[in-house]
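Got a structure for you, questions after.
The letters A, B, C, D, E and F name the chains in turn, as written, and every chain counts its residues from 1.
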Amino acid sequence: MNPNFNTPPAMNLHPMKRVTIICESILEDRVLELLQETGAQGHTAFPVRGGGHQGERCADITETANVQIDVILKPAIAEALLQRLQTELFADYAMVAYESDVRVLRPDKF
Amino acid sequence: MNPNFNTPPAMNLHPMKRVTIICESILEDRVLELLQETGAQGHTAFPVRGGGHQGERCADITETANVQIDVILKPAIAEALLQRLQTELFADYAMVAYESDVRVLRPDKF
Amino acid sequence: MNPNFNTPPAMNLHPMKRVTIICESILEDRVLELLQETGAQGHTAFPVRGGGHQGERCADITETANVQIDVILKPAIAEALLQRLQTELFADYAMVAYESDVRVLRPDKF
Amino acid sequence: MPILELERIDSVTDKSSLMDLLTAIQSNLLSPAILFFVLGVFAAVSKSDLKFPEALYSTLTIYLLTAIGFKGGVAVHQAGIGAVWLPALAAMLLGALIPLWTYPVLRKAGKFSVADAGAIAAHYGSVSAVTFIAATNFLKSIHQPYESYASAFLAVMESPAIIVGVMLGKGALGGKLSLRDAGVRHALRDAVLGKGVLLLVGALIIGALSGPAGMTMVEGFFVTPFQGVLALFLLEMGMVAGRRLGDLKKAGLFLVLFGISAPLLHGTVGVLLGLWTGLSIGGCTLLGVLAASASYIAAPAAVRLSLPEANPTYSLTGALAITFPFNITIGVPLFFEIAKRLHA
Amino acid sequence: MPILELERIDSVTDKSSLMDLLTAIQSNLLSPAILFFVLGVFAAVSKSDLKFPEALYSTLTIYLLTAIGFKGGVAVHQAGIGAVWLPALAAMLLGALIPLWTYPVLRKAGKFSVADAGAIAAHYGSVSAVTFIAATNFLKSIHQPYESYASAFLAVMESPAIIVGVMLGKGALGGKLSLRDAGVRHALRDAVLGKGVLLLVGALIIGALSGPAGMTMVEGFFVTPFQGVLALFLLEMGMVAGRRLGDLKKAGLFLVLFGISAPLLHGTVGVLLGLWTGLSIGGCTLLGVLAASASYIAAPAAVRLSLPEANPTYSLTGALAITFPFNITIGVPLFFEIAKRLHA
Amino acid sequence: MPILELERIDSVTDKSSLMDLLTAIQSNLLSPAILFFVLGVFAAVSKSDLKFPEALYSTLTIYLLTAIGFKGGVAVHQAGIGAVWLPALAAMLLGALIPLWTYPVLRKAGKFSVADAGAIAAHYGSVSAVTFIAATNFLKSIHQPYESYASAFLAVMESPAIIVGVMLGKGALGGKLSLRDAGVRHALRDAVLGKGVLLLVGALIIGALSGPAGMTMVEGFFVTPFQGVLALFLLEMGMVAGRRLGDLKKAGLFLVLFGISAPLLHGTVGVLLGLWTGLSIGGCTLLGVLAASASYIAAPAAVRLSLPEANPTYSLTGALAITFPFNITIGVPLFFEIAKRLHA
C-alpha cells in the first residue's frame, strides 16, 4: 500500500466505529431502545428518503419515510449491535445498516 | 501502524464502498438514473445546504438547495460511478463526490 | 489483514479526511467561521436531532435542535480542526466531532 | 350552531331515481376538493416535479384532525351526551366487528397469510378522517343537514378495529395469541395514544369543554379556511394515491375487487345502523361513509409495528389507491342515496 | 364575481400627471406587502438569524400558485372562453417572442455566451407569478377594476419563452440545435409539467370547472387570507433578494441596466398589446406587468437542466435582485399610468 | 380600530372579590388555547407519537410575532407616538431593571453560579410574546378593552434585559466584564437583530407606516385566524413544556419557587407601572403580564452564545415548564384582578 495514501493517524485520535442504520421512520424508537441496550452513549438521527429492495420510500407521507441513525461507539460493541439488528429487525423491515472506521479525540465519551 | 489502532474486522462483515454525492437538488433525478445504470441496488437521499467553489447554497429556495445522496455498493463499481459523475456532471454543476470504506452483514444486498 | 478485505484504492483516487461535527444549531455560524480559519474550502450542513451526554436534543424547537456539518479537507488540517474544536467549544456545548478517511477524484478542490 | 348543521331541510323528493344519484355524483366530482385530488393523481402519473414537503403533509393532517375533532366536540356540547352515546356506541361496535367478517374472506377467498389478512382487516375496520370530511362537505354542498356531532363517531371508530385486526393477525383464531407479546402491546398503546386518536379525541374533548364560546374564538382558523385546506390536502393525497397505482399489479385483482366491494357492503351496513339508532339522512350517510372507509393514518403505523410480517403494500394500496378514491368520488353520493331511500 | 373584479369604476381624472404616478408609487411603497419585502432585504443585509424553513417557502409557493390559478379559472368560467382566448393567445405569443429580441442584445451588447444569453432570455420572456399578484393587489388597493381572468395569461406565458430561450441557448441560430438532445427534451417536459405550470394550469382548469359554486366553498382559504400570505412570502423573497445583492458585482453593470430597461420596454409592449386586444386599463396593466416580469420559479429549474453551461448567477440575480424589486415597487404603478394614458 | 380595542366597556362591579378571580381563572382555563396546551402536556407525558415538524414550529413563531407586531403598529399609527412613548419607555426600563434585583437573589438564595444567575435573570427580565398574546385573548374573551398598541411594549422589552443579564453573567459586578469580549458583542448583536426582535419591531414599523388601510388588506390573514393559530401553537408549547417536566428535579425546588414568585412580584410591579403611566385596566394587565413573563425565544439563543458556561437547563426549564404555564393559566387573570382593584 502506498505509504502516502493513508496518512498515519495522529497520536491523540482514538479509533471508534460508526454504525449507520437507515430504516422505516416507524422503527426509530425500537432502534433507539436497542442502541441503549447495546451500550451506546448517544446517537444522531435525521429523516431521509431512499430506495432499495423494498421499493421506493419517497417520504412524502410518514408511512413511507425513512430515518437515518448514526451512532459512534467502541469498536467492541459495533458488531454486536449489527448482529442484533440483523436478528431482530432485518427480516421484517426496510432497513440497511453498515459500519465504518472513525477517529475521535475523547474516547471515553463513547 | 499501531496494530491496536484498526481493530481487525469480524469475520461476518463484508467490505463495501459508500459513495457520497452532494449536488444541486435539481440534479437528483439525473444522479439516480446514473446510479441505476451503474448497477447500484438502492440509495438514501436528504436535503442539505452547503458552500463550496460555486458559492453558498443556503437552501432557502429550491434553486439554491442541495441534496446528499449516499449509496452503498460493491467496491468494484464505486470508482466507475465516480468516473461517470466526473465525466458527465462535474464540469457543469455544483457538486462534490467521495468514496469511503464501510462493512455490511449482507453483501448480496448491494 | 485479509488482502481481499480492503480493496486497493484505484490510482485516480486521492485520500482526504472527512470531519463530521454534530452540535447545537446555534453554533453553526461559529463553527463555519472556524472552518474557514482552518482552511476548509467548503462544507455541507443539515439539521439533525440526537442525544448524548447533554441529554436528548429532540429538535422540536430551535433551542434544542442540532446541526451536522460535514467537511472534506486535506488530511494535514483535519486534526488541527479537531483540536481547535476541542479547545474552543467542546467544554461548553453539546457537541461531537470525529474524522474518517475518504477518497476523491479532484484533490485540488479541497 | 344547531344540532343539525343546516337549518334549511330541503324537502327530499320522493321519486329518488338513478338520475338523482348521477346528479349527486356529478356535482361531487366537480367540487374543488375532488378535482384537486384528480390533479394530484395526474401530477404523480405524469411524473411532474411537484412535491409537497413532508412538513406540509404533517401540518395539514394535524390541522384537519384538530379542526374536525373540535367542531364535533362543540356539537356534542350542544346536543348533550344523551343524544350521542347510543349511535357512538353502535359505531364503535361496528368498527370492532368489521374485521371479524373481513378476515375470513381475506384468508379464504383472497388466500392472504394470517398476518396479511389481519392487517387488511384492521385497516378496513378502522376509519379515514379525510373521507369523513369529504362526506360532510358533500352534504353541505347539497344542503343536506346532518348531526354535527358525527365526528364523535369518527373518533371512537379509529381504535377498536386496529386492536381486533392485530389480534387476528397474531393468530388469535388459531389460539396462538399472547397478550404479553410486545407487538400486541404496541398496538394497544398506539390505538389509544397514536397521534390520530390523540388529536381527534383531544380536540373533541376541548370542543365539548369550551363549547360555542370557544368556537367563536377559533372559528376564523378551524372553520373559515377548512374546505380550502381540505382541497390542498387532497392534492397531496392524489399524488400519494397516484404513486401507488403502480402497486396495483402487485396487489392483485382480488384486492381491487375487495377494495370496492368491502366499502359497498360496510357502507350499507353503516347506513342501516344509523337508521336503527335514530340518525337523520345526513347522519346515516356519514356513518355509512365511516364504515366504508379504510384507515391510512392510524392503522398503518400501529399495524406495521405489531404485525411486521404483514406486507404493507397490500393494506396501503387497498386503502389509498382503491378504497379512498372510490369512496370520495362514488361512495359518498351513493351512501347518501341509500340513506335517502331507506328513510323514505 | 363580475368579470371586472370591482364594480365601482372610479372615474379616472383626465389630467394624469407625474403627480398621479408619484402618488401611486408612494401608496404602493407603503403597502404591507412591499414593506415586508423591504424588511426581508434588511434582515438579509444585516445578517439577522431570521430564516424561513424551506418547507414554508414551498408551501407559500404552492398556495399562491394554486390560489391565483383557481381564482382565474372561476373568472374564465364567468367570462366564457370567448372573451379570453384572443388576449390569451396574444400573451402567449408575446412570451415566445421576447427572447427573440432579448437574445441578440445580450449577445452583442452584453457579450454573454450563447448559453448565458439563451438562459437570460428564457427568464425574461417567462413570467413571475408573485409580481403578477403584487400588481393585482395594487389595482385592488386603488380600486381599479381588471379582468379577473387575467391569471389565465399568467398561466400561458410561463412555458413558451423557456422553450424558445433554451433553443437559442443550444445554438439554434448557429444551426447547432438538435431536437433529440436530452437537454432540449428536458426543457420541453419541464415547460409543460414543471410544478409552476402544473399548479397554475391545473388550478385554472379546476376553477373553470367548479365555477362560482366551487369558489363559495374554498373562498375562506384561497381568498380571505391571500394578501397576508403574499406579505409573508415577500418577506422571504426580500431575504432571498437581499442575499443576492452581493452577486450584483459579479453580474456586472450591463446586467443591472438590462434588468431595469428590459421590463420598461416589455411592460410598454405588454400594455399596448392589451390595448389592441381590447383589455381594460387594469387588464392592460396586468399584461404589461407580466411582460415586464422575469421568471424565478419555472425558468431556473428548466434552464439549469437544459443549459447546464449557463451560469445561473446571471439569470437569477437579474430576475431576483434587480427586476423583481424594480417591478413590484416602481414598475407596477408605472405600467398602470401608461395604461391609463393610452386609454385616454 | 379604536385605541381601546373594544368599545363596550363593561361596567366593572365594585365588589371585586375572590369569586371574580376564580371565575376569571376558570373561564381562562376552559378557553381552547389553554386546553390545547394541556393536551400538549398530556401528549408529551403519555409519550404519544404526536410530533410537530420543526418547520411548523418556526412558521407559527414567525406568524405570531409578525401578526402581533403588525397589529400593534397599526394601533400606534392610530394612537400617535405621543400616547405611546411614555409607557413604552417605562416598560423598557422595567425590563432592564428586573435582572438587577433578580440576579442577587439567584446568587445568594439560589446559590447559582455567576453565569447561571445572569442567564436566568436575562430570561426573566425579557418577555414572552406568546404569554402576551394569551393575555390579549383573555381580555378579549371577557370584553375588557386595552390599549391595542401594547405590543409596542412587548417589542421594546425583549432586548434590554438580555443585555443587562449577560453583563451580570459575565461578571460585571465583580468588575470582570470586558466589552471587547466576543460573547458580549454577540449578545448585543442578537439583542438587536435576533429574529424575535427583528420580526416584532419590523412588523410594528410596517403596521405604523401602512396604518388602517394596510390592515384592511391583510386582516384576513393576520387577524381572522389568529386565535386558532395560537391554540395550535400552544398545543406544541404544551408538548415542549411537558417534555421538560422531567428536568424539574434537576432544576431543584428553589427554581420552582422562583419560577412562581418572580412572576407574582414582577407582574404586580408591572401593573403599578401601568397605573403610573396612565394605562387602562387592560393595559395595566398587559404590562403586568409582560413583566411577569420569561423569554424563551429571544433570550435562550442570545444567552447560550454569550454565556456558554451557563447551564441552559435552568433557564429553559424555569421559563418553559414553570413560569409559562403558571402565567397563562393563573397569572393572566390574577394580574387582571390586581389591575382592576388598583384602578378602583
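By definition in this document, a contact is a pair of C-beta atoms (placed from the backbone, for glycine too) under 8 Å apart; a residue touches a chain by one contact, two chains touch by 3 or more.
Only a predicted model underlies this, so the values are computations on that prediction, with no experimental measurement involved.
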Q | chain D and chain C - chains in contact with each | A | A, F
Q | Touch-network distance, chain A to chain F, counted in steps | A | 2
Q: Taking each chain's centre as the mean of its C-alpha atoms, give the chain farthest from chain E.
A: A
Q) Same or different for chain D and chain E, when you check if over half of the residue numbers at their contact belong to both copies? A) different
Q | Taking each chain's C-alpha mean as its centre, the one farthest from chain C | A | D
Q | chain C and chain F, separation of their C-alpha mean positions in angstrom | A | 38
Q: Averaged over CA atoms, how far is the centre of chain C from the centre of chain E? Could you give it in whole Å?
A: 42
Q) Between chain A and chain B, what is the gap in Å from one C-alpha centre to the other? A) 16
Q | Residues of chain A touching at least two other chains | A | 46-47, 100-101
Q: Name the residues of chain D that each touch 2 or more other chains.
A: 51-55, 58-59, 224-225, 301
Q. Hey, which chains are touching each other here?
A. A-B, A-C, A-D, B-C, B-E, C-F, D-E, D-F, E-F
(Q) Using the touch definition from the top, list the residues of chain F that touch chain D in their complex. (A) 30-33, 35-36, 39, 42-43, 46-56, 137, 140-141, 223-229, 231-232, 235
Q.
If we count contacts the way the header does, which residues on chain A are in touch with chain B in the complex?
A. 8-9, 15, 20, 22, 46-53, 66, 68, 75-76, 79, 82-83, 86, 90, 96-101
Q) Tell me, which parts of chain C touch chain F in their complex? A) 24, 26-27, 30, 47, 55, 58-63, 65, 92-93
Q: Under the touch definition given earlier, write down the residues of chain B that touch chain A in their complex.
A: 1, 5-7, 10, 12-13, 16, 18, 41-46, 72, 100-106, 109
Q: Would you mind writing out the residues of chain D in touch with chain F in their complex?
A: 53-55, 58-59, 62-63, 66, 70, 190, 193-195, 198-199, 202-203, 205-207, 209-210, 213-214, 217-222, 224-225, 301
